[in-house]
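Both complexes shown next keep subunit A, but they swap its partner, so subunit B is in the first and subunit C is in the second.
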Partner chain A sequence: MSVITLDGRPIQVDEEGFLTDPSEWDEDLGKALATAIGITLTDEHWNAIRFLRTDFAEQGETATLRRVSTRGGIPVKKLFALFPQKPAKKMAYVSGLPKPHGCV
Partner chain B sequence: MKRQLLVLGAGTAGTMIVNKLRRKLDATEWDITVVDRDDAHPYQPGYLFLPFGTYSADQIHRSRRSLLPTGVDFVVGEVDRVDGATDTVTLTDGQTLRYDYLVIASGTSPRPDQTHGMLGAEWRRSIFDFYTFEGAQALAAALQDFDHGRLVVHITEMPIKCPVAPLEFTFLAEAWLREKGLRDRVELVYVTPLPGAFTKPVASEHLGSMLEERKILVESDFLVERIDVERKVLVSYDEREVPFDLLVTVPLNMGADFVERSGLGDELNYVPVDQHTLQSKAFTNIFAVGDSSDIPTSKAGSVAHFSVEIFVDNFLQLVAGEPMTGSFDGHANCFIESGDGKGLLIDFNYDTEPLTGTYPLPVAGPMALLKETRRNHLGKLAFRWIYWNVLLPGRPLPLPAHMSMIGKKAAATHQKEM
Partner chain C sequence: MTTEIAPLIVPSFDSEEHAGRKLAIICSKGSLDMAYPGLILANAALGEGVETHLFFTFWGFDMINKKTMGDLKFTMLGNTATHMPQGLGGLPGMTAMATSKLKKSIADLDVPEVPEFLEQIVASGGHLWACRMSADMNHLTEDDLYEEVEAIISASDFIEKTAGAQMLFI
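Here is the complex of A and B:
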């Protein structure tokens, strides 16, 4: 675990750069995290991010792609277009949440 | 009136639970009933070996009823729904069963119907599964005729039952092709939605290099959208394509449909539970044990085994009006067949990934972790006897339910790329 500076403030992250304290996140930080992995956020990105944040607050776990698609109503195909190659990981990263660990 | 314990599913978890609890719960105070849709209990780890002709059908099936103790009612029927508000379960034949406590132990099943094209014209012609008896047998026949081309082993989506089985199948197929002198006429491809060979870094690295040594191509981060049956191609959501001549796929795994109908499931029909007690988050008198719950560890018989040990003690406390003090740690251990009469062993839990080192087994001596040995292979074969004769009857097996760090080598910190 280490502390980095992003969006002009200190942020605690794990060895892969994921926030370790989801409460340090706000939408400005989300923009900075997206920029760091080469993504410019559109309204469609924000729909996914806001679903992830709300669902995490209720469930205590990061939603899987299947959950974002079935419960959040955003097709998996769209998620791959918005967050190319590794949508589950990238969405969690930008949303300041832990990697989804449905994958054991 | 006597108290009712109702268990849905007479598989690994359900059978162990009733065998253990029938001994502990006073028969004058408690009735125990188990429901399953049929009377054939499969030794599921045996399916892996069927395609290579190692086991015969009768070695991997027993009557469910014969594995249950006297004093337990066995009902053959299909569950329609659970009504948590009235503590009743309705079967599709109209029968209603009342319960004081309910254990959902209905497992997880492969669902080829959930991927477009999987159940089409090529199903069990050039597309096979090996997680069902019928699938594994059909695959055995197909392998007999397969002498060249692209053999693709594929995982649809995690989580799946026994997450190491697709790797084991791949290793066994590679060794089998070599034995038959066909290896250089077959291209072997391993297609996975994961970023590497396995879910956790240390094991993924070890198993990944084993695939590499065997010249097995890995197509990672591949989430299948559909199968183009005409062209015999797997197509991913990000429009990558993997052609195949023979596809061995692990379909999407889902919990039982009655869980969904009862409003008790998540998006894959798994029952959300407290990961340490397996108690339903919706009803305090409902538990989900084995593969049917949403706990973040492997869906595997070893998890069912270790968690049942904790559950049974907790359950006895609960019905005595005491607080439940046992806490399940997600402990799993699995033998991994690697071909040529060798195997590996992994041991892990919610917090500790599979590591190298040794596993202290009483009597048999330490087993090597994450390393190919003959002894691990023999351990895997011996387990079938243990399963029928020790595990399911609920006899004590000298393995601690909680994971231990004894013998394990700590992992170096990994830096991974996004």
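Here is the complex of A and C:
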């Protein structure tokens, strides 16, 4: 467990850098996390991030790619374009959520 | 306002170490229970940014044959892992019952049926290949196969395409 700071505000993260307390997240932090992994957020990115945040609040776990596509209405292909290579983990990271546990 | 994170602890999403990793999965079974391992692993690999190729051969052809892909079956016969008396599996209707039970358990986990799963794999950048010998044996052409199958190719072509890949035979 480590602590990072965003403009002086302390934020708890695990050894990889994922937030351990999703309630410490806000949209400014989301932007900074995205920049840290080389992604500039557009409205389409925000759609995915907001779905993840809302779904996590309701379900208590991070949505898998499939769930973001079937429930969130964002096609899988689009998610790979927005968050290249490892979309599920990158989305979770930027959204301040744990990595998804589901296999599919 | 500048948003600076310090110290920068960032997951190694694009580490050099795993760059260029490739996975080849040979799907040789046509039963519902044996179709899923390959699909799930392919989907997982793609989600990790791994270039993934699936080769459908022998009974695995049923997974991409338009006539059968939506209707794969699961049987208790010869499958001791069901922990049911083997004689039961031979009774009329048991395969249909076992199949619908398995399909339900899979759907309950929000895991798609085979055709939709293949669609998701292709949308994630996966490559589907059909085995030439299996096509010839069954007198099937590309028209009989799921549209997203890229081509019917020989075993040696598949080996060539997947040079350097990690290989899984299912």
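By our rule, the second predicted complex is superposed on the first by the 101 of 104 C-alpha atoms of A that agree within 3 Å, B and C clash if a C-alpha of one lies under 4 Å from a C-alpha of the other, contacts with A are read in each partner's own complex, and residues count from 1 in each chain.
Here, a residue touches a chain if its C-beta (ideal position, glycine included) is under 8 Å from a C-beta of that chain, and two chains touch if they have at least 3 such contacts.
Not measured: the values here are computed from a predicted model.
> Based on the superposed arrangement, let me know which partner A:Asp7 touches: subunit B (first), subunit C (second), both, or neither?
In the superposition, A:Asp7 touches subunit C alone.
> Going by the contact rule set out at the top, does A:Asp28 touch subunit B (first), subunit C (second), both, or neither?
Only subunit C; A:Asp28 stays clear of subunit B.
> Going by the contact rule set out at the top, does A:Arg67 touch subunit B (first), subunit C (second), both, or neither?
both
> What is the contact status of A:His101 with respect to subunit B (first) and subunit C (second): first, second, both, or neither?
The first partner, subunit B, only.
> Which holds for A:Glu16: it touches subunit B only (first), subunit C only (second), both, or neither?
In the superposed model, A:Glu16 contacts both subunit B and subunit C.
> Spot which of subunit B and subunit C makes contact with more residues of subunit A, would you?
Partner touching more subunit A residues in the overlay: C.
> Tell me the contact category for A:Lys90 with respect to subunit B and subunit C: first, second, both or neither.
Touch status of A:Lys90: both partners.
> Both subunit B and subunit C contact which residues of subunit A?
15-17, 37, 65-67, 70, 76-77, 80, 84-86, 89-90, 93, 102-104
> Which bits of subunit B are touching subunit A when the two form their complex?
Residues of subunit B touching subunit A: 157-159, 163, 193-195, 199, 221, 223, 225, 237-238, 266-268, 296-298, 413-416, 418.
> So in the complex, which bits of subunit A are touching subunit C?
2, 4-7, 13, 15-18, 28-29, 31-33, 35-38, 65-67, 69-70, 75-77, 80, 84-90, 93, 102-104
> Show me the residue ranges of subunit A that touch subunit B in the complex, using the header's touch definition.
15-17, 37, 61, 64-67, 70-71, 76-77, 79-80, 84-86, 89-90, 93, 101-104
> Going by the contact rule at the top, pick out the subunit C residues touching subunit A in the complex.
Interface residues on the subunit C side: 1-14, 40, 43-44, 47-49, 109-112, 117, 120, 123-125.
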